[in-house]
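Note that chain A is present in both complexes that follow, paired respectively with chain B and with chain C.
On to the complex of A and B.
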């Protein structure tokens, strides 16, 4: 083993801590993990992290929703050689970003009453909207095997390898019944990035798109599919926005 | 065999003969026997001696090939399985080898030696394996595929075409080889074609179960074969199709399909003759040891033609959809003498935007798209 192990920090901004929980739940692998890296900061696992040292890798969960979040993220960015966004909130705002487009001050007042005015609450932003992000691990929450694979790759100086194709591909590999084509249910599979091994359709539950969109979603055609099956365009947009803003529509034929 | 297609091509025969040769001595002229239908479960128990028995079983109204532990689970009167038997020979995801720095490579062979008997494979799916043999036993032999091909026995069963089958058009509605046994339903019996010495051993192992064929059995086989022939609802002409594809390279149909396609990959995954795969190394935590894994890939993915340096040969979706059709109906014909499509109908069945191979071919040919009624009356 090297004399000095790479240093790692694991942080949470505004989120449900689900991604950090996935890391904690890597029970069998957690020991091998602490064997090869020096975990300096992981509030969920131990209090009293060291706040100033340089980090080789910082994993950050959650969306930026307060000034404090923003400052914390900037501090992490300054310490970290590589910053990895983990989970859909960090990647694209996540469920809190559903509020996008609302009149923010009045939304806050609607929820909290007049006291809301003094709250430090901002519309949800993804990490990359505030600082430079080096790598991302999608999922709500992230997948344990992707997290461990990413650590292994990063320690070897490689970018994490993640599928960019759609959930449908993994769904077919597992021979699940197609909830969209055969049952006419609203499945986000064709627009959603794979990696979860089609967990939901494998239990006959439609994908709700928790891993965020594929890099080249064909929104126009997907809209035609969903509306032809009876959903109104408004409803389609609402559903597609469950985990963040709609991906910028890429005109067919120009997607990378 | 009842109907022989003059269109079937010889490279297939040569190469599949090569595969067959390591399995056995050739049995010479095809031997035909018959098995009483009510003895099928008994025969299934005999087959267990030759390997794990796998057959189509029903799952929520669909069919999948999987291991059967009780014969009553098997459904030989199925339409098509979700995934073709390809999954046994080229699994969706497999470890090729493990590597350790300083020690080298250790091939992963754990699963390769598993002996399996696949019972209930339709002609088109057997044909598709003969096509995959062209690829994996050809210029770049694939030992993983070849080993599995040796260890997995195939027992075919005949079928009734449904509204999506067009194997007859693709000359894959019957197979002359590539099976150890092939069952034809003739009522109280299965007329059984013995394709290999292994198949012959299976028949012999069954002792008195099999009986000799009578002229009446042959007459009944012919009657049913004719009837099946007339049940096809789809028909598409593939003669001169490569030339038409050549001429229609700039057709507006490709842009149209590109605008519809979601690049979801479903069509490639379920296709019995799609063989593209991706290879990647997965390292272990804290070391450079790891394993090399291969996973099914698809030319519909934006990454399929992406190369180092950020170039992509098929950047647009339209060019990718086009590539899929060209590879099957033109490129493969140029290289191997026949299209790499067997007309199983799976791709059209799964496509969420309804891209239908028959419709595409007919439009390119300038033929009105209609579920050719005349096909049923011919």
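On to the complex of A and C.
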């Protein structure tokens, strides 16, 4: 039924475009996906997008880092029935938000020189700090199976479901060696939301926390484990900030 | 009479950019390639971070080039800390970069560039009448991603490549699956050549172009080079990679009031077409045959030829990747495990060939193995001056055309450069100055 296909927009604010690339990387599903949805606006893949019509679903990646980003996000919010934040930058600011507490104007000057003073450059903000967000898909980048699952859920009127447990659970299920307890390496697994099948530990590489915090992270207990392995509290805090502010309970509006 | 041609948001490229050209009659007054991407300050943010944290952070500069950013970062760190990696590690990294190049070129040729030639707004729209071509592009793209997944653990922002080696080397089963996929990839790449050869001609520029690419010890390699070669008018100059600043220095030019990367007073182009100009001696017989089929003459005077050069690299990368996989199948891969790291103060610079051209990472570490200074220069930043040079040539030649026709040519030239605007860490400075009263 051509006329009744749900309308979709895919957008990027400031970021690496990795979440949009994950969508383009659905090589086996892409052509069937466009058979069931009408992609109206996807600047990274199509020119001449329709910038005004109502969208049943808007997927937005990236952090808000310019006034232009903020205006664009507000325009998307006005035309979208459901706004889905995709990727860790959209959910919590991502790597550019690691500078929590940094004097932003002087950091801009540090990288761009005196010309940076007049530049449209703001500290990274998550989408939910600017507009209401209906659903969120974490990951840096998002997982293909979670994106396709979310599209199917939304088309069927169901909220997308995410794991509510930590990467450690998936790591144990895969029977990987524990890099933190056994080897004392800095692994974000205990605090990070599962869904990646413990990808990094399965390669004997510590988790870097790219999917953001699990709901209700136990920061105090994690700090005890890290310091018992010889990591200073300052180092622990710096590392836990790699993909945004320190873990806090997840933002409102997220499907749990 | 003055007229202004603007492309507000350039579609079908990575990141956010625009084009502004002003003409007075048929005389070009100014050309600008504008960057409207936020500043993420990643070079500043990695300061005080330890050597093991850097590659995962800087790979986030760009998704499409994340393997190149990750591996260039690892090499710069290894150079600074005095770490030697095993020949097998170098081979695995070489394979990973070829996987990224295959994915990136297939995405660019079929999904981003081809719709212009056939007058479609997107590959999705193009799939209506050209479903086989789009499916072919997606298959080649998936092949590149498969290589990156096997080696890097993930197609975007790889996790398995670490300082000193790899977390886990690929298994024999994975390598056998790659061998099979690459064998089918060879015939797909030849079909891709026929598709590209069938596209209408796009001769919008005819101007002498300077090219810069990395000279590498391996046949048509993408890493481990010690010199950059700059080629123009049959002359070649060599720059040691530690002196990369002498290539990428920025200067003010009168026509745009913007700083440009100029070498010897000339803009220079990096990317597939530049690699063919500098390293074309290392082509395989099949790649030479693709060049003949596409009627690609070197040195090129038309940046649209970059689309053809990427098509040549598709077959070349698939053939060379197949050779590497076969070698790996008869190699013991255990020497890819990283050795313990002893921090020390030092500076290291690495230059690689990312899909879009030369990529520089240069780091200074303190005695604890933490970053004191980081410098990243990307191909899109280097290409900006050359892109504007070609805009100028195309507008001068096409000044009699109407706005829509000129706009389309400008967009096609910009897309042929395959710009990656998220990558433009330094480029952003130019836009600000370009807008200054």
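Simple rule for what comes next: the second predicted complex is superposed on the first by the 244 of 256 C-alpha atoms of A that agree within 3 Å, B and C clash if a C-alpha of one lies under 4 Å from a C-alpha of the other, contacts with A are read in each partner's own complex, and residues count from 1 in each chain.
The rule we apply is simple: contacts are C-beta pairs under 8 Å (C-beta built on N, C-alpha and C of every residue); 3 or more make two chains touch, one makes a residue touch a chain.
Keep in mind that this is a model prediction, so the values were computed, not measured.
Colleague: Quick check on the superposed pair: does A:214 touch chain B, chain C, both, or neither? Answer first, second, both or neither.
Modeller: In the superposition, A:214 contacts chain B only.
Colleague: Thinking of the overlay built on chain A, is A:200 touched by chain B (first), by chain C (second), by both, or by neither?
Modeller: second
Colleague: Touching A:161 in the superposition: chain B (first), chain C (second), both, neither?
Modeller: first
Colleague: Once the structures are superposed on A, label A:244 by its partner contacts, choosing first (chain B), second (chain C), both or neither.
Modeller: Once the two structures are laid over each other on A, A:244 reaches no partner at all.
Colleague: Counting touched residues of chain A, say whether chain B or chain C comes out ahead.
Modeller: Partner with more touched residues of chain A: C.
Colleague: Which partner chains sit in contact with A:93 here, chain B, chain C, both or neither? Use first/second/both/neither.
Modeller: neither
Colleague: Check the residue A:152 against both partner chains and state whether it touches chain B (first), chain C (second), both, or neither.
Modeller: After superposition on chain A, A:152 lies in contact with chain B alone.
Colleague: Tell me which partner A:175 touches in the superposition: chain B (first), chain C (second), both or neither.
Modeller: First partner only, chain B.
Colleague: Based on the A-chain superposition described above, do chain B and chain C contact any of the same residues on chain A, and if so which?
Modeller: In chain A, residues 204 are touched by chain B and also by chain C.
Colleague: Which part of chain B faces chain A closely enough to touch in the complex?
Modeller: 59-62, 64, 81-83, 92-93, 255, 258-266, 269-270, 280, 282-286, 288, 290, 296, 298, 301-303, 312, 315-318, 349-353
Colleague: Spell out the residues on chain A that touch chain C in their complex, using ranges where they run on.
Modeller: 12-18, 21-22, 24-25, 27-28, 30-31, 34, 39, 42-49, 63, 65-66, 68-69, 94-96, 98-99, 102, 107-108, 110-113, 115-116, 118-122, 124, 140-141, 199-200, 202-205, 208, 210, 238-239, 242
Colleague: What part of chain C is in contact with chain A in the complex they form?
Modeller: 9, 11-16, 36-45, 48-49, 53, 56-57, 60-64, 66, 107, 111-112, 115, 121-125, 127, 131, 134-135, 138-139, 141-142, 145, 153-157, 159-160, 162, 166-168, 411, 422, 428-429, 432-433, 436
Colleague: Which positions of chain A touch chain B when the two form their complex?
Modeller: Residues of chain A touching chain B: 1, 29, 32-33, 35-37, 148-149, 151-153, 155-156, 158, 161, 164-166, 168-169, 171-175, 177-178, 180-182, 189-191, 204, 214-218, 220-222, 224-225, 252-256.
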